[in-house]
Each structure stands twice: as C-alpha cells, then as structure tokens.
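The structure under discussion appears below in the form of structure tokens.
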Amino acid sequence: MAAVSKILKHAAVAVALIAATASLKARTTSESGADLPPSREALRRTAVALAEAGQVGRDAVRPQRIISLVPATTEMLFAMGAGNRIAGVSDYDRFPPEVSRLPKVGGLLDPNVERLISLKPDLVIVYDTQTDLKQQLDRARIPIFRYAHRGLPDITETMRSLGDRVGSKAEAEAAASRMESQLAAVRTRVAGRPRPATLLIFGRDPGALRHIDASGGLGFLHDVLELAGGRDVLGDLKQQSVDVSTEMVLRRAPEVILELHYGESLKTERLDDERNVWKALPSVPAVKNNRVYLLRGDEFVVPGPRIVMAAERFARTLHPEVYAR
Amino acid sequence: MTNAVAADRPRVAVRIRLAWTLLSFGTLALAACLLAPLVGSTPIHLTTVFDRSVPYADNIDAQIFWVARLPRVLAAAMVGSSLALAGVVFQALLRNPLASPDTLGVSAGASLGAMVAITFALDFSLLGVTAVPLASFVGSFGALAIVYGLSAARRRGTSTIVLLLGGVTVQALLSAIIAFVQYLADFTQTFRNVRWLMGSLDVASYPPLVAAFIPMSLAWAGFATLPRVLDLISVGHESAAARGVDVERSERVALVSASLATGAAVALAGPVSFVGLIVPHLVRLMVGADHRLVLPASALFGAAFLIGCDLIARTIIAPLELPVGIITAIIGGPVFLWLLFRKS
Amino acid sequence: MLRAVDVSFSYKRGRRTLRHVLHDVSFDVDRGTIVGVLGPNGSGKTTLVRIIAGMLRPDSGRVLLDGDSVADLPRRELARRVALVPQETQTTFDFSVIDIVLMGRYPHLGPFELERPADLEIARNALRATGTETLESRSFATLSGGEKQRVIIAAALAQASDILLLDEPTTALDIGYQFEIAALLKRLNADHGTTMVVSTHDLNLAAALCERVVLIKSGHVIAHGPTAETLTAHNIRLLYDVDADVQFHERAGHLTVVPLGRT
C-alpha cells in the first residue's frame, strides 16, 4: 500500500515536471492574462502541479477521514495516535470513550453504506468477508483496508500494517512492540507453572448449563489462554467454537472453568447464582476445587491492544500464586 | 346372514389391534428410554452408576447418567411424543396430511419468544425455569391466542379453511418479526439465536422437564378425548356432526391441546424439525388410519424416534455433537420425499 | 313421524341478520315414506336438512321427531334417530370401507368404547344391503363414485336410525350411478320400510323416487303433497321458471319431467 502511494507520488511529481518543462519550451501565453511572461506562467503551472501532486500523495499516505467498521482497528488507531483522524466507527465500538461522540455506520452484518459514504471517508476499514460492501466502496473509488479475524500474532501484525497504511508507521510499531513485550512478560511470569486443563466458555444460557459455547482450540482467545499458562481442554478439536454438552464437560474434567461475560450481561448480584449453576457437576475438578471464574469485561471480545489486559486477567486467574506479591 | 364375506384380509377386532399396538410400540419406547442413557460417546457402567460406595460427588459415571443423559433421554421422549401427537392432531384438524406442528404458527411464536429473550438478554426465572424457555412458552401461547381468536370469529361451515389461512398468516407474520428481531441482534446474540433454532435436548437438569410436563399433561389429557372424534371429523364435518360429534368443541380441544404440546416441546428443546410431520405418516403405514391406534402409537414411536435421533446426534461425530434437528432433517427429509412419491 | 312446523332461519353475524333462508316451512313425513324436498340451488334445502339433522337451530318454529323437538334432543340420541348421507365424502386418510361403515356405530357406543362383534355384524349387514359386501377391505378412496355413495349409505344404515336424510345424493354422480342409487334407495324403502327425506334439485330423481314432494323456493314452501299431484308443470314453472312437460312414462313406471325452455 505504502509502496504504491510512493510510486504514485513520484509519478505525479514527474508528470508535473515534464508539464512545466513543456510549457516553458512552448512559450505560449497564459489564458488568464497575456501580461505574464512565459517563464512566470510556466512556473505558476509547475507550482500548481507540484502542489496537486503533493496533495494526492499526502492523502494516500496519511488519510484524514478514516472509517473503522471493526472495533479492534478503532482501538488500534487510537493506540497509534491516529484517533483524531477517525471520521466514523461501527455500532459496536465501545472503547475508548471518545468513540461515543463519533458517527456510527453499522457493523459486520448491516453496514449503513449511505451514511458511510456521506461522511466522505478517504479510507474505510472493512471485514474481509464484507464482499458487497467492498464492491460498493470500490465503485465509489473509496480506498479500503481489509481486516481478517485470526489468531493472537495477527493482532500485532494488523497493527503494524494498519499503521503503515495510515501514515503512523512509527507510532504503530511502538504500540505493537509494547504489546508484544507485555504479552511476553505474561508468558514469562507463568513459565514453568503447571498448565491447568481449562474450559474457556464464550457463552451459555443464563441460569442454566445449556447451549454452552466454548473455545475449541482455535482463535485469538485460545492463543491468549495458552499464553497465560492454561491448556485448552478442548484444544484437540481445532474449532473456533464448540457446542459443549454436559457429558463433554464431565468427560473432559477441566481443572479450571473460565466464563467470559461481555458488557452488562452479568449483574453483580447474579454472580453467585451463575457460579452455583455448576454445582450440578460436582465431579468436575474445577467445581470441586472452586475454580470456576466468571470474568466480565469487553477486553475479551476485541482482538486489539486491550488483549494484553485479557492476557493478564487470564494469567492472574489461572496462576494466582505468581501474582500474589 | 351368515354367508362368508369375500374380504382381502380377515378383519381383526380393533380391541386386539389396539392391545397389540400398545404392546409393541410401548416396548419400543420403553427399551429406548432404558437403553439410551447407557449409550453415548463416553462408556459408562450401570454397576458404577448405582455403586453406593462411591460418593456421588466423585462418581463420574453416575453424574453422566443422572445429569448428562437421563434428563436428555426424558426430554427426547417428552418432546418426541408431544410433537408427534401434535402432528397427528393438526393433520386431522386441518384435513391435510402435510400439516405439522409448525403450520399454524405456534412453533414460530415459541421461537419468537426465545429470540426476544436472547436478543434483549432477559433474565428472570420461575420455579427453576429460566428466561429463554419461559419466554418461548409465552410466545407459543400468544400465537395460539391469535389463531384461536381468528378461528372463533369464523363463520359456520368454513372452519378448516379459515383456521388454515389464519394460522399460515400468523406463521408468516411471526417469521417476519423473528427476522426483524434477528436484525436487531448483535453478532453474539445472532449466533446464540441460530444455535437455539437448531434445537438442543441437553437440558442437564430436571426442573425444565417438570415445567414442560405441566402443559404437556394437559395436552395429553385433551388428546385422550380425541381419537374416535378425529376419525369422524376427517371423513367430513357434516357427517361427524350428524353422528353426534360436537365438532366445534372437539376442534377447539384439538387446537388448544396440540398447541400446548407444541409450545411446551419447543420451549424445552427448541424447534425440532420433521418429527411432527414424519412420525404420523410412518405410524399410519404400520397401523392404518384409525386414530385410536395412530394417536397412542405416534406418541410412543415419536418418543423412540427422537431418542434414537438424539443418540445418533451425540455419538456420530464424537467428541463433537450435532444438533438433533440436523439428524431429524437428514432422516426426515428423504423419508418425506419417499412418502410423497409413494402417494403419487 | 317427522314434522316441520313453521321453521324459519336466517344467517346472522352477531345480532345482524345477513340473509333470510327459510320462512315458516311446514310439512309432514309419514313413517315408511320417501319424501323429496325440491328446489333450485339457494332455496334453502341444505339449510333445512341441517336443521332436521340438528346441526342448526331454527330462529322460530320446530322440527318434531315422533313428538320430540329435534333442537332439544342430546346429540347422540338425535344421531340414533336421524342419519345423514351428505352429498360428497372426501376422506383425508386411507380408511377402508368397513372402517367408514363402522363409524356409523358411533352414536351407539360410549365415548371410549370400542366396537364389539355385534357392531361388526351390523356393519356387514349394511354393506350387504347396499350390495357392497365384496368391497369390505378395499380402500375407500379407490372406489368409484357410485360405490362410494353406496358405502356412505351403508354407513348411514349402520347407524340404525329411524330416518335417513339424504342431501343431494345423486348430484355428484354420473347418470349410471344415479340410477344405481335411486334403485338402491327404492329397494331399501320397499324391503325395510326405511323412512327417507331426500333433498334434490333433480326433478326426475324426485319423480322416480319420492312418494311425496315438498317444493321450496326462496325459503318458502310453495306446494307439498303426493308427487303425482304436486309435481305439475304449473308448479315447476313457479319453482324453476322453466316450461316442462310432465308425463307418466310407461316403461319407466313413474312420472318423467322433460324441460322445454325458460319462461
């Protein structure tokens, strides 16, 4: 992306120079007035051409009106200091607090294309799977940045490539490195500790052990779990998410159960009740040893800079003993 | 008077056929209920399950049996028999062999209730039953109320058609509202909605079974009054009335019972496709058209059928499990096509 | 045996009257006779049949069955005394012929009672009476129109009622089957003395079959009495606005009606 815009910039400057030279040689009078001597006119033209070339180049290299349909990339943009260049975000953006003042343009399933285009963006970050939206933006000649949702290492990689695309390469590199070292610190801290078999639950029916949806060995949360010193008890299944039956839980006998609750979905007064739901399976080591944890927060849903917080929380929960001091 | 009658097959008295039907299908259902909890992706031993020397909290086999499998098998039995019975009754009531518990929108009402509970994160419980099944049941009741109201406002002589049209309209309307609610949902909620729609029998506890049993037993009591009446009504409303059947009252009992059974089944396990459509036809192939045989046989066969489908669903791709609705569709779809081709 | 006294009926929605159907209809049916209720479509014949069968309540007037008001009799008891043969029978499910006929025994059984051997015998006798005993195990849906109607009549006979009500029994049948049914009904009446009320718009059927006729037009009885005296060209003109020639036909052995044109 950056390379292409550099070439464009160079090409624009080259064209401008050629045009200036040609006009100098031609010695034609300008249209605006016969008063200007040919050389002055040529200079004027050259100056305009150079300015325009610079304009194109600058926008290509450093977009000023970015729309981010992906909450993760919104957070990344703020982390690399590009937050003030965001013109619109998705309906599901929650962090940082500044996003509440920004225009909302829909989300993965229902992007509001009209609104989006009316904000006159010069870069739109879309999900790779939003093929219709990509086509519409291509037709409107609006540049796009494609975002794909994968594992933990892809978070920093995306951060870097996004930084390059929006002209904040250095800041993005700094933020990404910071993340990497923080994650490495977590890994080091829990290194050598025995890795408990952990059931990582993304969701279930409130108040019941039904429709349990858990990590199955793939995806960024699974990666975070492994980094934080846990062993995904369903890791051999190699699925992003698994529909877990009570028989599976009894069979796999996890030593720790981590339940993730987003936003306001779990009220404090319900914490005990929800934890006690697991008492129906007393043979599960996690239940027997009181190692069922209900974690609330948004940092688990967004594969962005705050994933470090998620990693630290996992590590503290799995290995309280190394965080005890 | 005593001349031998030329018949293709000697007529066996209905008493004997009924006894035989109850015995054979009853054995099938009972065997399914007793054996299914012992079979699964994890091998367990019956002796271990009932071994008193091991404290329950440590007895994995016992917990698998009592928490993971037995409620599931009982749920399958209850849902399978309720949906099959509702299917028989709707087919007779609407005089349409293609009718099913889904036709009149009761199932859609139940789905809408569940979807609203999931999307708007409703959180309440009553007597051990949580928000989603409760809202689901309320939804089914709402749909029934609309259809019932439409049918009560009907004019004489057009009851079946008005009921069918009204029910299909309600079903379409509710489906549109369901689509709207799904549109409002975010990605996670949509995911949960879709998972719910695939059906799940893993109830993992007994209170939901007891809760479902209440409306189901009311429905079954209603069904018990219907067998002969359904025979007569399916031959013609006028001739049924002329033979002493209170057609309007019987239709109301049929509608309410079948809707209660469907609502409770869908609230318990989500919408499980094809059971209510296929089981009555398969049963009629085996026992004939007499509803006095078809109703009890469908209840028993429906239970065994769903227990079997659930067994396949939870073992075929072990350690993963398939939603039971996929198995009933994979079996039900081709069977249904075969039935259609047979008829034509 | 059966007496209609000033029966009036209109279709209502709530309190509003939608359509007047019958006005002060009165006539008698003596035991062992065949009486025809004749009239064009929309004259109220079917409504009258439904009222006699107890399915509708008249707004005013009564229908008396051996002195008992039909509207006051409990359903099952009425069904033991009046049997209905509807115009057409469509079965949704695959019942056999004997299944269909056994349904006629319903008014004689308790709510959960199953048929006994005696009921089966009665059903078989009914099949024999209508000449359909060989069809016993056949699927009803596979029968011809005439066979179906004969089986339905057998079912009505199995009901062992005092009166047989037939609502347009031959309207849906081909001419061959029409003869078949008419002959059957005449024979049943001759052999067993079965009282029948036949509603029809077919003048020739009425002429062939009925001893007495009741002519109904727009809900009013315009004439009733013995067929020979009542089924006249004059009355036919009043009833159908059709000029007809009514003659006794030697070979047929009964009156025949030949329509000639509209008036």
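Labels for the chains are A, B and C, by order of writing; each one numbers its residues from 1.
Quick note on the criterion: a residue touches a chain if its C-beta (ideal position, glycine included) is under 8 Å from a C-beta of that chain, and two chains touch if they have at least 3 such contacts.
Fair warning: this is a prediction, and the values are worked out from it, not measured in the lab.
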- Which chain's centre, taken as the mean of its Cα atoms, is farthest from the centre of subunit C? A
- So which chain ends up in the middle if you average the CA atoms? B
- Note on the structure: Chain-centre distance (mean CA atoms) for subunit B and subunit C, in whole Å, is 42
- What whole-Å value do you get for the distance between subunit A and subunit B if each is reduced to the mean of its CA atoms? 45
- Approximately how many whole Å separate the CA-defined centres of subunit A and subunit C? 81
- Message: List the residues on subunit A that touch subunit B in their complex, please.
- Response: 92, 107-110, 202-203, 205-211, 213, 237, 239, 242-243, 245-248, 250-251, 253, 262, 265, 267, 270, 280-283, 288, 301
- Using the touch definition up top, name the residues of subunit C that touch subunit B in the complex. 13, 50, 53-56, 75-76, 78-80, 82-84, 86, 89-96, 98-100, 103-104, 106-107, 111, 114-115, 117, 120, 124-125, 133-134, 136-138, 152, 155, 159, 165, 167
- Complex interface listing, subunit B residues touching subunit C: 1, 5-9, 11, 13-15, 18, 91-92, 95-97, 155-156, 225, 228, 231-232, 234-236, 238-239, 241-246, 284, 288-290, 292
- Task: Sort out for me which residues of subunit B touch subunit A in the complex.
- Result: 40-42, 56-60, 63-64, 67-69, 121, 123, 125, 130-132, 183, 186-188, 190-192, 195-196, 200, 202-205, 208, 314, 319-321, 323
